[in-house]
Structures are given as C-alpha cells and as structure tokens.
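Chain lettering (A, B, C and D) follows the sequence in which the chains are written, and residue indices restart at 1 in each chain.
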Amino acid sequence: MTTNNDYAKNGEYKPIDMLACAAAKEVNDGDVVFAGTGLPMLAIALAQLEQAPNAVCIYEAGSVDGRPIDLPTSVGDSRCAYQASIAAGLAETFYGQLHCGYVDLAFLGGAEIDMYGNVNTTVVGDYAAPKKRFTGSGGNPDINSLAKRTVFIMLQEKRRFKENVDYITSPGWRIHRWPSGEWVHKKEVYGNYFFGGPTAVITNMAVFRFDEDGLMYLDSVHPGYTVEDVKENVGFDLNVSRVNGATSPPTYNQLDLLYKKVDPEGIFLP
Amino acid sequence: MTTNNDYAKNGEYKPIDMLACAAAKEVNDGDVVFAGTGLPMLAIALAQLEQAPNAVCIYEAGSVDGRPIDLPTSVGDSRCAYQASIAAGLAETFYGQLHCGYVDLAFLGGAEIDMYGNVNTTVVGDYAAPKKRFTGSGGNPDINSLAKRTVFIMLQEKRRFKENVDYITSPGWRIHRWPSGEWVHKKEVYGNYFFGGPTAVITNMAVFRFDEDGLMYLDSVHPGYTVEDVKENVGFDLNVSRVNGATSPPTYNQLDLLYKKVDPEGIFLP
Amino acid sequence: MARFEKITLQEAAGLINDGDFLSFSGFTIWRRPMALIYELVRQQKKDLHLFEVNGGTHTEVLAGAGAIKIWESCWVGHELYGKLGEGIARGQVEGSIIVEDYSHAQVVARQLAGAYGLPFFPTALSMGTDILNPKYDMLSKAGLRDGSNPKIPVKKYDVIKEPFFGNGEILMMPAVNPDWALIYASQVGDEGTVRVFSQTYVDAEVVKAADKVIVIAEEMVPDNYLRQEPEKNLAAGYAIDYVVECPWGAHPTGSQFFYDVDADFIRQFYQVSKSKKAFDEWADEWIFGVSGHEEYLDKLGINRLQNLRANSVLGYSTTVKRGTR
Amino acid sequence: MARFEKITLQEAAGLINDGDFLSFSGFTIWRRPMALIYELVRQQKKDLHLFEVNGGTHTEVLAGAGAIKIWESCWVGHELYGKLGEGIARGQVEGSIIVEDYSHAQVVARQLAGAYGLPFFPTALSMGTDILNPKYDMLSKAGLRDGSNPKIPVKKYDVIKEPFFGNGEILMMPAVNPDWALIYASQVGDEGTVRVFSQTYVDAEVVKAADKVIVIAEEMVPDNYLRQEPEKNLAAGYAIDYVVECPWGAHPTGSQFFYDVDADFIRQFYQVSKSKKAFDEWADEWIFGVSGHEEYLDKLGINRLQNLRANSVLGYSTTVKRGTR
C-alpha cells in the first residue's frame, strides 16, 4: 500500500520538486523566514503546509506574515500582502524587522557561490569591466547579513560553485573588511551584529552545509546522483568526508501539495 | 455702524483673546505650521478661519493637516487626527515632516526667554540641583530647531524675560556649540540645517521681534499698555527704538470665531 | 516565533523585577497601560528605570509610589488637567530620582535606533541646547556611564563631522533597548497582530526596541479581521511576548475610539500628586484599596465610564464636559 | 504650501531636463510611472541620473532608449517575465552607463536619510561585500566624487567606530536627494493627499527625499474620502508639486487593486530589450508610434486591459493566465 507519506520514486518527480522539498525541510516551526522570489516561495509555502504551520514569512517589498491564496510571482505582488499581519514598505521589512533582529531564516538564490558561502548575483568577470551583468544584489546580501541561518537554493553547475566568485554580492563566512580589504571571519566584520550565516546550500543534486570554520561540505546527495557527480559539478575541492547518505526524495503528499495547493497555476513548477 | 471687522474696544476682550488674535496674524496662507498644545491651537485655528485657509497644521503626536471639528485638548488627542491628511506617529512628524524640511512656522510656548530667543521650559535654578522643575522640553526645541520661523506665545512677566535663562531648552539665535560650549550664532551650530529661528514673541502686553543680529526688540504694544509697562516687565535692557505703534486689537469677527467656532466649550478661553 | 502567552495582570506585573528598564506605549494622557502600572505599584516594584517620550499620568503614578530610580525622557505632565509632573519634579529636586533630559525628537531618535537595531540615529534637532551641556549629564554624574550596564551608553550623545556633503557637524543619539515594553493596544488578534487607533505615537518603535513585550489589550479580536487591512497594523504576533485582555485598561488616560481621557480623575490625581502624603492616601483608595482592575472599574461605576465612551464615528466622547462652558 | 498644479503628461515630461537626477515610485514591475517614462522617451531626454530600489521595466525602457547616464541601484529585471535588465547590463558592459551598485537595504538607507533630512543613515546590512570594495566605486572612477555635484557625495560610504556601546564598526550610507520623484499613485485627493494600495515599498521616502514631486494618479478622488482613514495615506498635499490624472498609467507594470502586471507585454519587451535594434523597433511601435497615453491604451485595446483588471476583493486579476497550467 502506498501512503501519502511514502517517498516518490525516481522519475515520479522533477529536479525542481526535489529542490523545493529539500529546501522546505530547512524551515523549523515558528521560524521567521525572510524569503526571495521564486523557489524560496515554494519552499516556505510547502513548509507551512507541512512541518512548520507557525512559520512566518517576510517579503522585502513590505509584507509580514502574508497568507497568499494565490502564489505570488514576485515579492512586490499584492498576493504577498493578502491576510498579512503587516503591509508596509521596505523601511519596515529591512529595518523594522530584519535589522531589528527578528529573522531566523533567510531563503535566497544565487548565480555563483564559493566554499565560504559567498554568493555572486552581480557580474561575471571583473566588476569594473564585466563580461556579463546579472540582476544585481537586490535584498539578497541584506537578508543574508542578519538572518540567523541562510539557505541558498541554486543550480548545480561547476561554473557556479567556484573557488572564488567574481564578485561577493552576499556575505558568507569569510569576507573582506572594507575599506581595508582584510580577509576575515564574518564575525570580525559584523561584531555584535554577527547573528549567523549560510547554513545550507540546496541544489538540484545535493544538500551542502557549512562546518564550524564556515567551510562548505557535502551533506547529502539527491537520489539518482553520486558523490562523484556532485564533485564534478563543483569547481573547488569539496569536502565529502561528512556525507550523510541520500537526501530524502519528495513524498507523494509533498508533490500533491506543491502541484495542487502551492503552485497549481504552474508559475514556478512547469 | 459697527461691522464685524471693526476692532473691539478695550474691555470688550480679554488678554488671552488679544494673545490669540495677535498670534494668529503671524500665519501666512499656505504655511506648514507645527504647533504645540494650548494657545498655539487657538491661533492656528483662528488663522485658518481668516487669512490663512490653506495653512496646514502638524501636531507632533502624529497628525498632519487635521481638521478638528472639536478643539483638541492636547496634541495626542484623536480630535487632532479628524479628517487629517496623515495620521501616523512621532517618527513621521519629527523626521518625515520637520527634519525633512517642510515646516514654515512653529507656534510654541515657554516659561522663560532671553533676548536671543532662548527659551527655558525645564527648570528654575541650576539644572544639577534645581529649585523647581517644569514639564521639560517636549517637542519645543525640536520644532524650533528647524522651523523657518518660530513664534513664541508667553506671559509677560519680568521673571520670564531674563538676561539669561536658567536652562536653554529651546535654541534661540545665539547658542552654545556643545560639547565645547562656545557661544555662537545658531548658524554656526546648525550649518546646512540652519533654516531660521525665532521671529516673534507674543505676550499679553506686546509683540516682540528679532533684529538682523538675532536680538529681541519691541515691535508693538497692545492697547491699554505703554512701552514703559513692557520695559518694566522685561528683565533685560529691551530695545524699544523700533516700536511700531500699537498692536491691533481683536476684531469683533475674530472674537466671534474664537468663542463660537474655535473654542465654544471654553477649553482654553475661560 | 514563539506564540504569545496569555496571562493575567498580576502575572504580567510579576514578570517585572525591581530595577528593570521599562518603556511604554502612548503619549502624555493617551493609551497608557494604566491597569498594569497600578498592578506594579500594588506589587511594590522599586528602582525602576524608565525611558519614554512625553510622560504622563502613568509616570506620575510610579513616581508618587517611589518606584522610579531613573527617568530618561523629555516631558511629564497631564496636559490640560495637570500642568506639571509633580512627582518627577519632587524626585528631581530632592535628588531621589535621576532625571536625564532629552528633547522629544532625541528620545524618538533613540527609540528609532533601538527599533531598527542601529547603534545610533543622527539628528539635527535640538542642537545648541542645554540638553547637550556635559555638566547636565546626570547618568554620567551618577557614575552610570562606565559601561557596566549595557543598557546605558557610555556617552549621552556624540557629535560628528558629516563626511559626505560638507554639511558640518551633526548630533548622534545612541539606541535605547529597554528590558520591557509595556503596551496598551486597542486591539490584539488571536495570533498576536497588534493594532492601535488614531495617531500611533512611537508605539511600534517601543515594541521593537524592547527585549520583551507585554501588551494589555482593550479587546481581543480574530486575527483574520485585523489582516483584512494589514496596512493599519502595528506589530506582528512574533513581536510580542505576553498579552492581557483588559478592557478600560488605559483609564484614566484615553483610548481613541474606545473612551476619552477621564479629565476629572486626572485633575484630582494631579492635586494629590503634589505631596507624598496626599498621594499615599489616594493610592490607598485607588490602588491598594481595590483588589485589582475589576474592583477598580466597579469603584468608578458605569455612569462615569459611560460618559467617557467614545462616539464611534468621531473616536472621542461627545458627552464628557471638557471646558468651562 | 503651494497647492499642486494639475498638468498633462507632456507638460510633466517637459519639466525634466537632460541630465536631471530622478527617482521613482514602485518596485520592480509594480506601480511604475510608465506613462511618464514613455513620454520622457518621446521627448528624447538624455543623460539621466537614476537612483532607485530594485529597478524594473521603466528602467529598461529608459536604458533601451539610451536616456541613462548614471544608474545607482541594486537590481534590475522584470521578475518572472524577464530575468535580467538587458539594457542596463549592455550599458554597463559597453561602458555607456555608469553603474553604481548597492545592496537593496543600502539604497533604502540612503532614501531614508534623504527623506528624513539626515546626512546619513547607519546600517549593518551587506557589510563585507564587494559593494563596498573601493575599487568598484564607479562614480569615483568617473571623477564624479569631487564635490562639484552636490547630489553626489564625496564618498560612497563611510565606516565608523560606534561610540556608545563598544559594538565595533558600522557602515554609514549618505543621504540621497534627487531632483525629481516620479510617482505613480493609486489615488490622489483634490487637495493632494496621496494614497497607494498594498505594500508601500519606499514610495513615501521617495516623495520626501526629492526636491520636486510629480505624481501620475490612477484616479483623483475627494480629499475628504482619503481623510476618513488618514492612517492609510502616504503623503500630504504640500509634499507634491504636480499631478497628472492618468488611468492605466502604470501599464505594463501592475497597480494593486486596479490591474495586474501585463506579463505578456513585459515578456515581449524583455525579448526586444536584448538588442538596440529590436528595442528601437519596439519603441517605434509603442512609444513613437502613438501620440500619447490615450492612443497607447487604444492600441492595447479593452479586452487586453479588462483581462488585467484586478478583482476588487483580492486586489489582483483572477482572469489573467500567469503560469503554464
């Protein structure tokens, strides 16, 4: 007999489903989550329907604890403010909530990441003469700065997991102290504002975490992939000594929730 | 024939009526006025009914351009917010409006004043071991700091018009630059934030103004009083060389408005 | 996010220790957490450290009871119904209360910094006043700026040369983060969303700046209702820790759209606040003489309270006599 | 307080000079003053200096038209309907646009300082990022931080040792005070009171920080109506200078409770934004090919617009197809 809580088998779910479900697991009940557009929205919505009914979501455009009945397409969407506890603006979310210290968990994306969890969403190449421009920082580095834990959701590609990112848009565990440029632990730069940092990176292939020194290691590999597959898609020397087995795949119930309740219109889930 | 715009005769009005009417004349049409509780409320309300229908009033507790249909008893009163353009809080009024630079005219009170327009509303005697405590600054010095013009409404007594006030609560034209304590023009301390300063003091006896050097002089004397009367009630050497005749008394129309429209309940007008 | 705990007034006051650092909702004689203030006096709290915008009747009740050690603020009085803060004034003159004066907007600067988690907030307001005279830094005089109390900054203020536009010097006020925010709110939802009516004063900042928040609510309502107009709400449920449902909890101060200020009550209180002896007699009657909030309301009586009831359209009482005519 | 002047879109755009420093209401693809943006392109404005939170379609229209000289911001794209800001990216890569990057909250810090008249605003957000790498201060590289332009601070940021609590260093961001705020508002009262629906973004701060404010209003309503709920309003009449009544003025961006984002329009625009040639053809059709806003609406047609109409309860369209299912 198959119950709703059984795991789906390989082929019964898409890579993006796996990503969303693995990410959702990072949410503890009661967390105050500050999330970006896209996959983070799926993850937080799914978590709220499962293990974290009391998790609360803040979107930078101005909504606190909204309860969208239709999935927002962006954090600026009025859908975010439906049945929200507060609808205000950026001063409220960035300063009145985030800088105030309320945020437990950040859910963010990134184009490139290094082994310290530094993320680039700005340019490819030298910033002063870039080869390619991405969207830019948005709230990514802000949310990541002061959240107690940050989970990055990314695509697994060698060119995205780099020894050094071309531009540190969002601060990991080792960063520069500007304007001098010293390379130090985040704690050194943030002082009393050091609340935490990146705790996980979730991709279409694996889950990565960070050790006591703030170095990324491989935690679990998604079904269908091997440790070697992951290593081949990481551009730096990845610590695989702490691999903790396979990531649990989505359950039938999760897939059901994702496609029928969270994103029935197929906005992020094709 | 007596018309409504004729001046009332001595004995037909009270000193407080004179004060309110003289103060109301300081409001220009279109002024953004930041007013305190009490007589300032009468003055701005009267001005709005007469020459300044487009004057706008901000109260520090959080209302912008309220249109009370019943006279507020304090700036925190919900009456202030009736038909207001904005009802918010102190961050909005002090920073979003005043510090932002919108305020043309401040209407304030004071317990003591010196010849530079420095006002004390804090203590009698040495602050570190005071003889008497007043209410304290409230928003008086803030509003006075950045308004383009400030009008003080006060009682005329020798002990209130002092060579040196016991404590500078609210900044006049000559102030200390702290922490060093240098005695300098307001301009020196405020720099680019120098927008103006006290322009008039209105009492139950007279109207005082400030010259180019920021020194108080007697401008006009209310009907029933002489220059000598005023001088006897001022504790410093008052410049009377620029006296401009008698202050116009209230008109019948003004008295009518004050008692029938502005304060029919007799809250400030006994 | 831990969901708030619903407790009683007695339990709420019991959480506050002697010496704690408190801040309050409201402004002068509006939306003060009076029922909780009375209970603090009933439980004989001492050595309290207060930080607030324009103080009012609640300040004076605590001052009269001898509960205040440090008062950091800018103003105290009862508006039209009592010119001065007699208890604070007496404490300052006698030296039993350490008074640290600011301007109103400097208080707000400290609260904004505290609410936003910033170490300081710049302001040009009230530069050049004796508020900044180093001689008059009373916490420093009392030896309390030695860094041993993390809630008291080592400097009252700082002045820095603005580095960006050549605008000269500007004042910087340190953040304030009291132990407790004692809040009276118009409505609290069953999930903790907080709303206040009319001007919001610094209520939102006071909630955010404090380590812990106790809200006494005029009424508890479905959160869904408050969430229909989220732009009107003050705080999310996770920002508050304890809630007491407490109708008329702001009396004798006013609560817009519920009841007006009880002017007669405050006038009478102002008279007794002028001497310790008169205050004690008054407290024996109105605080110690009643077992709690319900008996206090009984003593006031329905007709007195009904007269204060706000007109539901205007938000204030149209029946209470306010002036001389 | 001078009462605002009611003008036309053509007149509004005519007020803007080449080289002016602009800021905008809205966020990414929401509540952008698009009708005015189109008119700026129609009037061939050049060398504009933009300062904004997350940019969007309006930024890209100006970038495509070659109207931007300096772009100070933190993000540009069309959300789900166009991943990148192709015009800005092309400008940055080619060197035709000076791009000065911040984090989002650093942009907000600059706007808050500008709105509050403060010279700077402290923040701990995004310390340690390459945003603060002095090598990447592009306005400095371009020689524009020499103090000759009072709108460009002599430093991109400063770091100071916090003097009050021994909390270490903190970042300070300079105020921004653009020449113009170009605002799209949901409602403007006949006396100029401004209201926007749903999240307010930084609209209030953008209004306050600018020297002059032009509002294009979805609808004009009696001020009395807006004053019944003053806690919902964004700005008082004296804060704004010019008003254009302009229904559908935010199209193709969304306006909560009026209409949803025109996803198809933006998707199509995103495709053409990838090359100058395609943009020019698009602009010939949609900007230069129509005489003004009314002809633009005619060209869109009633059925397309009706499909975007917001459900009056939910605030967004429930008929527009958003996803793949």
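Following the convention adopted for this analysis, a residue touches a chain if its C-beta (ideal position, glycine included) is under 8 Å from a C-beta of that chain, and two chains touch if they have at least 3 such contacts.
Just so it is clear, the model here is predicted, and its values are computed rather than measured.
S.K.: Higher C-beta contact count, B-C or B-D?
M.R.: Between B-D and B-C, contacts are more numerous in B-C.
S.K.: Could you please state the distance in Å, as a whole number, between where the Cα atoms of chain A are centred and where those of chain D are centred?
M.R.: Whole-Å distance between the two chain centres: 27.
S.K.: Hey, how far is the Cα centre of chain A from the one of chain B, in Å?
M.R.: Result: the chain centres lie 56 Å from each other.
S.K.: What is the distance, in whole Å, between the centres of chain B and chain D, each centre taken as the mean of its C-alpha atoms?
M.R.: Going by mean C-alpha positions, chain B sits 40 Å from chain D.
S.K.: Give me the residues of chain B that touch two or more other chains.
M.R.: 63, 81, 87-88, 95, 99, 146, 193
S.K.: Identify all positions of chain D at which a residue touches two or more other chains, and write them in rising order.
M.R.: Each of 117-118, 123-124, 165, 167, 170, 198, 200, 204, 231 in chain D touches at least two other chains.
S.K.: Quick check of your reading of the touch definition: is the inter-chain graph here a line, ring, star, complete or other?
M.R.: Looks like something else, not a line, ring, star or complete graph.
S.K.: Of all possible chain pairs, which ones touch?
M.R.: A-C, A-D, B-C, B-D, C-D
S.K.: Write out the stretch or stretches of chain D touching chain B in their complex.
M.R.: Chain D reaches chain B through residues 1-3, 115-118, 189, 191, 193, 204, 208, 223-224, 226-228, 230-231, 233-239.
S.K.: If we count contacts the way the header does, which residues on chain D are in touch with chain A in the complex?
M.R.: Of all residues in chain D, those touching chain A are 26-30, 53-54, 73-77, 79-80, 83-85, 88-89, 92-93, 95, 99, 101-106, 108, 112, 123-136, 138, 141, 159, 165, 167-170, 197-205, 254, 256-257, 261, 263, 310, 314-316, 318, 321-325.
S.K.: Quick check on the complex: what are the chain B residues that touch chain D?
M.R.: So the residues of chain B touching chain D come out as 30-32, 54-56, 63-67, 81, 83-88, 95-96, 99-102, 104, 146, 193.
S.K.: Quick one: which bits of chain B touch chain C in the complex? Just the residue numbers, please.
M.R.: Answer in residue numbers: 37-38, 60-63, 69-70, 73-82, 87-91, 94-95, 98-99, 122-123, 127-142, 145-146, 167-171, 175-179, 181, 186, 189-193, 263-268, 270.
S.K.: Looking at the complex, which residues from chain D come into contact with chain C?
M.R.: 117-124, 147, 150, 153-155, 158, 160, 162-167, 170, 172, 174-175, 198, 200, 229, 231-232
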